[in-house]
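In the two assemblies presented below, chain A is common to both, partnered first by chain B and then by chain C.
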Partner chain A sequence: MSLVFYISSFVAILATIMVITRHDPIHALLYLVASFLAIAVTFLSLGAPFAAALEVIVYAGAIIVLFIFVVMMLNLGKETANQEKGWLRLRVWLGPSILVLVLLAEMIVVLLQPQPTAMPAAVVTPREVSLSLYGEYIIAVELVGFLLMTGIVGAAHIGKHKKKNLHRYLQTYPNLN
Partner chain B sequence: MTVMQHIWIVLGVLFVFLNIAAGLIWVERRLLAMWQDRLGPNRAGPLGLFIVLADTLKLFFKEDWIPPFADKWVFILAPAIVVASVLMGLAIVPFAPGIVVADLNVGLMFFLAMSSLGVYSIVLGGWASNNKYSLLGALRGASQMIAYEVFMGLSLMGVVMLSKSFNLTDIVAAQENMWFIVTQPVGFVIFFIAGLAETHRLPFDIPEAESELIAGFHSEYSGMKFGMFFIGEYLGISLISAMTVTLFFGGWLGPAFLPPVVWFFLKTFVFIGIFILMRASLPRPRYDQLIGYGWKLLLPLVLLNLLVTGAIALWLRS
Partner chain C sequence: MSTVHAHTVLIVAAILFVLGLAGVLTRKNIIFMLISIEIMLNAAGLAFVAAGSRWQQADGQIMYLFILAMAAAEVSVALALVLQIQHQHKTLDVEQLTALKD
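Moving on to the complex of A and B:
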């Protein structure tokens, strides 16, 4: 399984780099989907099939679709791509890259320490995940519920305003609206 | 199970379902014709069966045109996604004891994951065509499929509660005494409606609504790329029918005078027939009606179903 792990992690890293360097936002989001799928495979190889499935359903299947939805509606054209090109100058990405390289060096040093770093091979079943979610972590789950409810209330408030200019058909038959 | 057996099962499933999808071209036209007092395709070959060949040949030989204003690579990618995601979804369907491509312990989640990836074909196809009707179709498709995915997932959780497993073989085995249609009728109805919306079949074919949007997200497609969308839709119908049978109608279970695989496919064909009957008999709702119906009626109903199922399951245990 560790070969699967290394290949999928490599794909994930490569896809994420492509996300950052693409100029067209839709292409960047497509690479992000590839990255999420690769991460799902990584989870699978670590023995967490439930987390892998959720990663695909929630992130790749819903959240990125909404991102693409918004980008499509905004209809960003050539100007945005040019703007993105302008942002990717050497001066902009040099600083963060140096900092990340320092972290990478540190991680390599840590990994080279002579400690047993065997990957856990135990498979976590959906039952265990659910039991710990609704047992140990019940407060976190409920707090997340509150947070999501706030979002829903906000969206409902924004979307509530009544239409003022009605189609002539609806002006004639107001109770249809 | 040896590696060779696995390969045979994979090839068998591919062969059977691709042929079912192609055969549905004829089945759908004949059934629609029957319900509309017509004859339907009856000239080529016995009972008009060769219409499948004629249609496929026509699709293969049409000019495979990519519009110059389209985003070329995304345009090519989109039709492949729909077929690939549906075929991946078929991997977890148990056709008979032991005849399943991947007996995953998160099988049901895998099915939901694959059906949620299917939305990319509509969204990307519509966007890459760079045509306003396609884009409108893609926007409709995205919101419709994201909304109905939620109900599809939630409607199946009652089945998971009763069978205590995400594994589809276990779910079928749990229906030995009683099919889940008896204990989960609400779950079944909502799953079927959500399945109609996920495969964007009539009456929910709002992303392609030909009277408003020409052909919606696939207006610019021709040749075999259009054929992929076409075959993907039929594969989607077969997948949803197979899943309905597995989850609510006892899968391969049935009286012993027929082998389990035959029972499975008989039941599946009944649901494929119902899919086609829906198309023949129901008008297309308006777009806001569809979304409102989902969030205002189906969501409360499915949550109530979960609550009641959970309460009864707890009560029976104590």
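Moving on to the complex of A and C:
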């Protein structure tokens, strides 16, 4: 399984580089799908089939569909791509990239310090995950339910199209003047 | 076939996280910044799954599940905000969105 891991992680890194350098949002999203699917294969090779299935269903399915719907609703096309091309100059991305590369080098040095340990080849089955999820983690599952509920209510409230959002102190009342 | 070492997986997760961070720092379009945040959350999830697989415990995948739910809630609220911003300001440039009141 190690060859599968190396190939899929290489594909994931390559696709992610393509995501952050594209100008057109739709192209970036399609490379993001490739990146998520490659990470799902990585999960599978690490012995986590449940996480791999969730990655495909939720990330590459639901979240990407949300993004694509919003990009289509906003009608971002050629203009956005040209605007991005104007924004992504060398002097814009050179500084942050160098800083971030320094951080990455430090992290790699720290990770290479201890003795290397091999990953076990055994699989953590969905049965173990779900027994633990609905056993000791049940309170966290309920809290995640609250979080998703607030997410739905917040999105529905914010997404409403109102004419103008004025603070109540700034509103002029017709009966006062 | 050689085995995968634990630090290799963590280095892959670190590279993905750093790529997402570079995306957040260099982009000015809100949509691209949200995409980069998704990349960073995914890299954190990869690190959790790798740790769970290293110790043969289910907790890593459970933490990944919670990260997933958090990412889904976050992205729905953030995309609703993006729709409102485009509706009210007619732009997605973060440098032009400087006023709190409209």
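Points to keep in mind about this one:
Just so it is clear, the second predicted complex is superposed on the first by the 146 of 177 C-alpha atoms of A that agree within 3 Å, B and C clash if a C-alpha of one lies under 4 Å from a C-alpha of the other, contacts with A are read in each partner's own complex, and residues count from 1 in each chain.
The working rule: a contact is a pair of C-beta atoms (placed from the backbone, for glycine too) under 8 Å apart; a residue touches a chain by one contact, two chains touch by 3 or more.
For clarity, every value in this text was computed on a predicted model and none was experimentally measured.
Taking chain A as the reference chain, the count of touched residues is higher for C when chain B and chain C are set side by side. Looking at the shared chain after the overlay, A:73 reaches both chain B and chain C.
By the document's definition of touching, of the two partners only chain B reaches A:60; chain C does not.
Touch criterion met: A:147 reaches chain C, while chain B stays clear of it.
After overlaying the two complexes on the shared chain, residue contacts for A:33 are found with chain B alone; chain C is out of touch. Of the two partner chains placed by the overlay, only chain C lies in contact with A:16; chain B stays clear of it. Applying the stated contact rule after C-alpha superposition, one finds that A:50 touches each of chain B and chain C. Taken together, the two structures place residues 50, 54, 62, 66, 73 of chain A in contact with chain B in one case and with chain C in the other.
Contacts from chain B toward chain A in the complex involve residues 71, 74, 104-106, 109-110, 112-113, 116-117, 119-120, 123-124, 126-127, 135, 138-139, 142-143, 145-146, 149, 153, 166. Remark: chain A residues 24, 26-27, 30, 33, 49-50, 52-54, 56-57, 60-62, 65-66, 68-69, 72-73, 123, 125-126 touch chain B in the complex. Only residues 1-3, 5-6, 9, 12-13, 16-17, 19-20, 25, 28-29, 32, 35-36, 39, 42-43, 45-48, 50-51, 54-55, 58-59, 62-63, 66-67, 70-71, 73-74, 76, 80, 83-84, 87-88, 92-93, 96-97, 99-101, 103-104, 107-108, 111-112, 114, 116-122, 124, 128-129, 131-133, 137, 140, 144, 147-148, 150-152, 154-156, 158-159, 161, 164-167, 170 of chain A touch chain C when the two sit together in their complex. For chain C in complex with chain A, the touching residues are 1-12, 14-16, 18-23, 25-29, 31-32, 34-36, 38-39, 42, 45-46, 49-50, 52-54, 56-62, 64-66, 68-77, 79-84, 86-88, 92-93, 101-102.
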